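Notes to accompany the following structure.
We call the chains A, B, C and D, going by the order they appear; numbering starts again at 1 in every chain.
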């Protein structure tokens, strides 16, 4: 920890499930930063920020917040479609930007957003691929980079929400564009697979279904998506996105190497308790990605603050974000068209 | 157990890894049967059958064995390409036939074989889909059939041999046609997925690689194969065949239902011992499918003998065998051509 | 497997839960043996033996069976208190004897039984410490003997029946003397600890309770017993016997070595299926020691038959049986008196 | 989180393995507190506190620190024998005190310390039974309190350090009094068992050994200690303390209830990665209790700060600390004398 003489003034846009987590971390866990303003549409959320977190000024218009406050950085945790315009506005106002994933849903908008980011090289732009900060993925990455499992043959990424989240998803997806099952549930997996393999997928075969939740058809969503990807270095991958796990939040990554395999999150253990009861031997499961990745969320923000202090761009770039989005959308396109999709990286 | 007054006279063709296991079971574990003759090309194998198992008559020509011996049934455990002609010869000689999987490698030959089988309806024909007899799959099947996990959304079947088997595979595949990675390693998975879902796959996307064993290219083989299948009822499946697991013999089946999931063989535990040592907490792994499925191999043969006694055809038919072969070959065709393959069941 | 020209003629005394299992194995799984007679008090059991197993002659008086039949060996699976007199009668009639554990409940009777056995050195006497034949314990024993975990510091043996067995225990214990919680539930653990350590316990501190089943007090039984043992080589051990596991049959052995630990049966997995449901990630548990040790029961009988054929006494002797009984009774004595008990081996 | 207008000024005594962790947490993770002074004998540790944590004033004499600084609270993380005198000095200086466990090694000193604490009821005194703050124990406690596992029959607590800590222990124990294996390794287990059962042990049978580390005899220490405890409510418990686990830091607690069991920390998983390699299927293990309990260490200090703010004594009292010490010492006394020890609570 280097000395951070002056604290970074921060504003946050969005105080929902994830935004409130970031806000709480900024106040309670992150050194060298001061959360001075918050923007949200919901008055209760703003009241919570004032009363529980001591945030002085609150806004319902993010532009006003950026204009009026003397901010060094802004956290964008608003719905995905707003990410590009908010990022552009903040970058042009001279702020460092932390933007949640995915970067956006429309590739053209995201490309424009990237241009703006590239034209402000002294401002830090960091996107929320927080899994790279999780100790288990970092442990796995180190094993892979140290050659402990040889060359990567195959990877499998599951991003499957628990049944308990279904109702809130329906509300969310009725009101906004989720981006589709692969964008919504597997963008982290795509990022991780690119990170582990240092390869790019070149072909996608996607399939979707609503066997578990036929009612999703009405809102143009799919409960399950499965995609098989072919990578330029020969590695093969499977992505599964879903919304109907009975047990909990299944975020699992398998890395099959020529000399060994790794599985991260094979079971979503809630804690270190094993229960022996009439069902058998039971490990209770986590329901929420927030609990699962609380430490990673904290560490990515610490890293962002550190990057600002050291004037250093993060290792995950905006281009990583664009590619992950493009890949997830290609899986969706394949499922929609029933055809193999070749992935072109004309970015 | 019904009364089996007269013992079934049995001959066996093939005394390799699997043939010798069947022969041993026939002598030591199966009631109501007598192994009276064995056929193999290797004199040492025949000597072993005589000395260790007390098999009276041995042959190097299977036709002679069938002609000379007064057999009721024959076990065909010879290399796969010989299965059709041997089955045809035995059926036409009036024998009950137990034939190892897969039925053959050439679809035309296999269809001809099926015709002969169908024209001898009083003779039992049983193929070696022994996993259906394994207590774990049976337990899983019962949970599924009882509706415990709802409707099947997705299945994943791994058939991955340990590195320790690589040298023997190279010898085998240099001398004979393995049928390719999907036929050789995933035919059981295909059978199980059909069994669990009661659906047929209609489209296959296969990919193969030799990242872990480039030398296999010289003999026209692949180390890894991954295929994604679309089923007529909407279920999606992934098959992985491989030959290079560092830890052991990974035969894993995942059944993702709308109300719960099952995994069979998530780890290939060797036994009930957990080792705590400098590596951490370790479960030793099985290396051999023979050990893994010893009970299932026994039970399928008991069932065959029982079927003969009761004049009852087994629930797994020759058509199941043909379909499994056709599906596995379609995965291979997709990998070979780089295209999606539509699966036609013109059998 | 050596050649067993003539089959061993066997009679069995007792056709209860364990006796019927042995009888079934003798008929269906064991080579070189013929079950010609059975003795039981329950007519239904005898009828089952005749009809299902094809046992010709049945008796309600074991002496008559031994006198009339031309037996080479007898299996004694009657209630424990009868073991000594039956063994003595059979040994004096010139038979080989397989006697279930424990040898008896009264130490004086058991010592007399041992004298008779010792005076018939050409007849095989084998007692039912079948766990030594279980592949998991054998695997663990080999690791220990190969020095993989160093010197044994501590051992822990759990013999805990499932709640589902409670009603049948109450009936059994109301009618007969169970020998007490340690004799009834931990005699195998005592045998295993002696086998693994090659040490003898010299001091016992036992405690019992009926917290889970107060009604057992009425029949002079305890639901739980816990004993700590001090061994002559410095190793320490804990025994737990119980009758009230909610999940299943917990037969667990821990071996703590100076360079590593082993646990055998940490969880009583029913099979290779993992269930992901609303409880979390669940491994179903075995309820019955019969299922758990079916293979071991088979192998110990195969060994007995082999020992007869080779005129070789088994490695587990009658003296091992006496010592195990003495140790278990010492734990009970400590619990009964509230004092430390020094164990004297004046046998 | 209540509003903590003024920050609590804190000094810390001791900057070793645990002291430095507390100091780091105070600076980086705990809201409402300011670490203004540190005392240690090692100049490097003080330098680290100044440079890395920004602690202004450092001392080698704890009394000077307490006298000169305007502290509200002090953290005592010095060697155990100093805990009583430091606590007394700080309490009498009007400070709130957080004192690491155990309270001391000499019961008379600890009783005197308790008197001083009791005579300053407005100052918060909190001892470091941090496991009560660990989410896994809290989850288990809730299950127990909610009656999910019925009445507690038996508990088993393991506190076993990894081999990797042996050299540092030898240095430590050569220089200072560890208190013996039970006080050093099982005091947390004693606290947890009292917490879970609401019972007090009344009799102890302890045994110790140096099989794994004979050289410890030279410094009057034991590598392993095993004790069996009888509780006033009928529950039975086993404690195991050790210093020679090959795999890692085994902190395991079993709670056997009449309707179900719990195990906390059955395996010391390092993270969520499972490794499949030539050893089998491996879960890497934690080596350090610091990593294992980092969150609990943070939460207990947060609770201490909160207790100060709310003028509320913690639920764990100094009397809990005395009882835990007395019980652990009784186990040791039994091992030393070879006799059963009756535990008297004349405190």
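Assume contacts are C-beta pairs under 8 Å (C-beta built on N, C-alpha and C of every residue); 3 or more make two chains touch, one makes a residue touch a chain.
Fair warning: this is a prediction, and the values are worked out from it, not measured in the lab.
Undergrad: Same or different: at the subunit C/subunit D interface, is the fraction of residue numbers used by both copies above or below half?
TA: Answer same: the two copies use largely identical residue numbers here.
Undergrad: Taking contacts as defined above, which has more of them, A-C or A-D?
TA: A-D
Undergrad: From the mean C-alpha coordinate of subunit A to that of subunit D, what's the distance rounded to whole Å?
TA: A distance of 38 Å separates the two centres.
Undergrad: Measuring centre to centre with CA averages, how many angstrom lie between subunit C and subunit D?
TA: That gives a centre separation of 43 Å.
Undergrad: Between subunit A and subunit C, what's the gap in Å when you average each chain's C-alpha atoms?
TA: So the centroids are 57 Å from each other.
Undergrad: At least two partner chains per residue is the criterion; list those residues in subunit B.
TA: Correct list: 149, 245-247, 259-261, 266, 269-270, 275-278, 284.
Undergrad: Spell out the residues on subunit D that touch subunit B in their complex, using ranges where they run on.
TA: Counting only subunit D, the residues touching subunit B are 245-248, 250, 267-270, 275-285.
Undergrad: Residue numbers of subunit A touching subunit B in their complex, please.
TA: Contacts found on subunit A: 149-154, 205, 207, 209, 211-213, 223-224, 226-228, 230, 234-236, 238, 240, 242, 244-247, 256-261, 266, 339-340.
Undergrad: Name, in rising order, each residue of subunit D that touches subunit A in their complex.
TA: Residue positions touching the partner: 1, 3, 27-29, 31, 52, 54, 135-136, 139-140, 143, 148-149, 259-266, 269-278, 284.
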